[in-house]
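In the two complexes that follow, chain A is the common piece, with chain B as its partner first and chain C second.
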Partner chain A sequence: MTKVNIPATERSPEVDFDFSVNKFALRGESYPEDVNAFFGPLMDQLESHFENQDAADILFTFELIYFNSSTAKILMGLFDMFDQAAESGNKVIVEWCYEEDDDNMEELGEEYGEDLEHADFVLKKVAAD
Partner chain B sequence: MLASEMFEFRNLLAGKGILFCYSGYMTEDVLSGIGQAIRMKLELEEADKAVARGVFSLFVEQVQNVIRYSAEKEELVMSGISKELRFGVLSVGNIDGDFFVSCSNLIEDDDVKRLDKNLKHIQTLDSDGLKKLYKETLRGETPDGSKGAGVGFIDIARRAKKGFEFDFMPVKDNRSYFCIKAYV
Partner chain C sequence: MAFEIFNKELEIIDTAKALIETGELSPESQVAYKKLLKDYEKLFKSSKRLVKLSDRNEAELNKVARSLDEKNKMLEKLSVSLSKYLSPQIYDSIFSGDTDVSLSTERKKLTVFFSDLKDFTSTSEDLQPEDLNYLLNKYFTAMTTIALKHGATIDKFIGDAMLLFFGDPKSNGVVEDAKACVRMAIEMQRKMEDLKDMWLNKGFAKPFRMRIGINTGYCNVGNFGSDHRMDYTIIGSEVNLAARLEQSSDTDGILLSAETYALVKDIVDAEERDPIQVKGIARDVRTYAINDIYEGIEDDRRFIHKERPGLTCLLDIDKIPSDQKNDVLNDLEALIKRVKES
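Then we have the complex of A and B:
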C-alpha cells in the first residue's frame, strides 16, 4: 500500500494519498451518508503510517469546497493526528486551500489551524471556479 | 378539479415564498438531487455566493437530521441489510429578501425537553460563543447543559446569519412535531 486514490463523488471528496512520498490530499465536497465508513479506514492507514515515520517531511493538503458537521469532527481527529506526528519528530505541513471569495472556509481553516502546536499550518487562497 | 386543487396548493406554497418543498421519505440520494437543484436555482438567481453556500449548508444539516433522527420511520430489509426510511418535510424559500431553509419531523416526546433546552441555549450565544461550543462539541468536551445537541444544530446556528426559530407541537402517541427554520 503506497497509494490510495479514490475519485470524488457527489458527496465524498477525492482522496489522493501517496504514502511513499508522504503527500496527502483531500479535495472536493464531503457530506457522506456515513462519515465513519468513509474516513475510518483512511484514518487507520494514516495513523499506522505516521507511527512508522521518523524525521519525515509530510504534506497534507485540504482543498475542500464544502463539508458537513460530521466531517468537521473527522477533520478535528486528522488535525490531532498531524500534531502528534509533528511532535514525534516529523516535519508536518498542513495546507488549507480556500476559494478567494469563501470567507467561511478561510475561517474554518483558521479555527483548525490555531489548535496545531507542532505542525505548520498554511492558509492558501486559490482562485474561485 | 385536479389541476385547480394542486394549483391552489402551489399558490399556497408560493405565497409563503417557498421555492422548493419536499414532503416524504428522505434518503441521501434525495439530498443530493434536491441539493443540486437548489445550487442551480441560487446560481440562476445570482444569489451572493456566501448566501448560496449558507443555504446549501443549512439544507444538508437539516435534511441529514431528518434522515438520522426523524421518529417517523419505516424499516425494511433488503438483501439481508436493514435499511430505514425516515419521513420529514423540507422547504427552501425566500421571504423579504432573505433565504430560509426549514425542516420538520416527528420526534419522541422524551426528546422535546432536551432539544428545546439545547436550541434555546444555542440561540443565546454570539458568534464567539458558538465557535467555542462548536469546538468543544467536536472534541466531545461538551458541558453537561449542552449534551446531546450534537454539532449539527451549532453548525446551523453559525450558518444562519439572520438567525433561526423553532418550536414543538404535541401530536399523539407520545410524539411531538418539531420544526426549525433558519435564515441566511
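Then we have the complex of A and C:
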C-alpha cells in the first residue's frame, strides 16, 4: 500500500495519497453520505503511516470547494495528526488552496491554520475553474 | 457580560482557570486538571467552528436557493410569454413532460375545423390598416376564447383562416370530440352575429362573415419539420376535406361531412347538401349544413341580438352598469306590458 487513489464523486473528494513520497491531497467537494465509512480507513492508514515516520518531509494539500460539518470534524482530526507528526520531528507542510473568489474557503483555511503549533501552514490562492 | 451564545462555556473555562490559580489542588490533580481544561478548550473551539461552518453553509444554501428562485421566476415569465404562441394543450403537455419534443407523428381520428372569412381580401382592401387590425384582433380574440372554452387545439391562423382540431393531445372519445367541435362552431357563428352588430354600430359597412367546414377522420398528428424548427400540426386528406367543406359552406354557415354528422346528429338539426369531391378521397363526400342545435347555449351569451318584424333588440349584458340594472329591467317590463296589451 504505497498509493491510494479514489476519484471524486458528486459528494466525496478526490483522494490522492502517495505514501512512498509522503505527498497527500484531498480535492473537490466533501459531504459523503457516510463520513465514517469514507474517511475512517483513510484516517487509520494515515495515522499508522505518520507514527512510523522520522524526520520525513510530508506535504498535505487541501483543494476543497465545499465541505460539510462532519468533514470539518474529520479535518480537525487530520490537523491534530499533522501537528503530532511535526512535533515528533517530521517536517510537515499543510497547503490550503482556495479559489480566488472564495472568501469562505480562505477564512476556513485561516482558522484551521491557527490550530497548528508545529506544522507549517501555507495558504495558497488558485485560479477559479 | 453581554449575551453571547457561548457565555456558559467561557464561564466554565474562567472558573477552571481560577481554580488552578488558587493552588488548592494537589500537584497530581493540578496536572490532570490542566490537561482536562486544555481538552475542554479544544472541544469548545471545535464546537464554535462547527456552528460557524454550519451557519455559513446554510447562508450559502439560502443564497443559492434565492438565486434559483429568481431564475425560476424568470423562466416562468418566459414560459408564459412563450405559451401565447402555443395551444394551451400543447404547452401543458410539453411542460408537464408528457409530450416528447421530437419529430414523431401518430395516426389518430380527429375532428378537424376549418374556417375562413368570406371575401376577406376585397373587404380588407376597403379598410384602413388600423381598422383592419382592430377588426381582426377582435375577431381572433373572440374566436380563440370560444375555441379554448370548448377544448380545441388551435393548430394555426392562416391569414383570416383558422385550423383547429379535437382529439389530440387530449381526447374525450371520438363522439364527444366531434360534439365539442360542433358546439364550438355554433357558438362562434352566434358570436359573429354579435360582432357583426357591434361592427355595424361602429360604422363598418361590410362586417366580416365566416364560413366553417368540419370533418372527422384519420389524420397524422405530431411534430413536423426539422430538428431545429418543428411545428405541431395535422396533415392528411381529411384535413384537406375540412378546408374543402369550408369553401362549400354557406356564408355564416357550418358544413359537416357525413362522418361528423353521424357522430353529432342527436344534438343538431341539419339538412343534406350536394356531395363534394376532394383530391385524395376516392368517394363522393356527403355533406350536411347545420340549421340549429337542440341544446341551449343561449344562456351563456352576454350579447343578444333578436330581429323580428316589429322588433329589433340589441342587448349587451356586460355593458349594463350594476346600478342601472333595475332601470333596464323596468324598461323591458314596460315594453313587455305594452306588447301584451296591444
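Quick notes on this structure:
The working rule: the second predicted complex is superposed on the first by the 129 of 129 C-alpha atoms of A that agree within 3 Å, B and C clash if a C-alpha of one lies under 4 Å from a C-alpha of the other, contacts with A are read in each partner's own complex, and residues count from 1 in each chain.
Here, contacts are C-beta pairs under 8 Å (C-beta built on N, C-alpha and C of every residue); 3 or more make two chains touch, one makes a residue touch a chain.
The structure presented is a predicted model; accordingly, all values stated were derived computationally and were not measured.
Look at A:S48: by the touch rule set out above, it reaches neither chain B nor chain C. Once the two complexes are laid over each other on the shared chain, residue contacts for A:N68 go to chain B and to chain C alike. With both structures placed on the common chain, the touch criterion links A:R11 to chain B but leaves chain C unconnected. In the superposition on chain A, A:N36 makes contact with neither chain B nor chain C. In the superposed model, more residues of chain A are touched by B than by the other of chain B and chain C. Contacts of A:E111 after superposition on the shared chain: both chain B and chain C are touched.
The interface of chain A with chain B overlaps its interface with chain C at residues 66, 68-69, 72-73, 76, 104, 111, 115. Within the complex, the chain A residues that touch chain B are 10-11, 31, 33, 66, 68-70, 72-73, 76, 101-104, 111, 115, 128. Residue ranges on chain B touching chain A, taken from their complex, read 28, 31-32, 36, 49-50, 53-54, 56-57, 60-61, 64, 67, 131, 134-135, 138-139, 150-152, 154-155, 159. Considering their complex, residues 66, 68-69, 72-73, 76, 104, 108, 111, 115 of chain A touch chain C.
Touching chain A in their complex are the following residues of chain C: 45-46, 49-50, 53-54, 56-57, 60.
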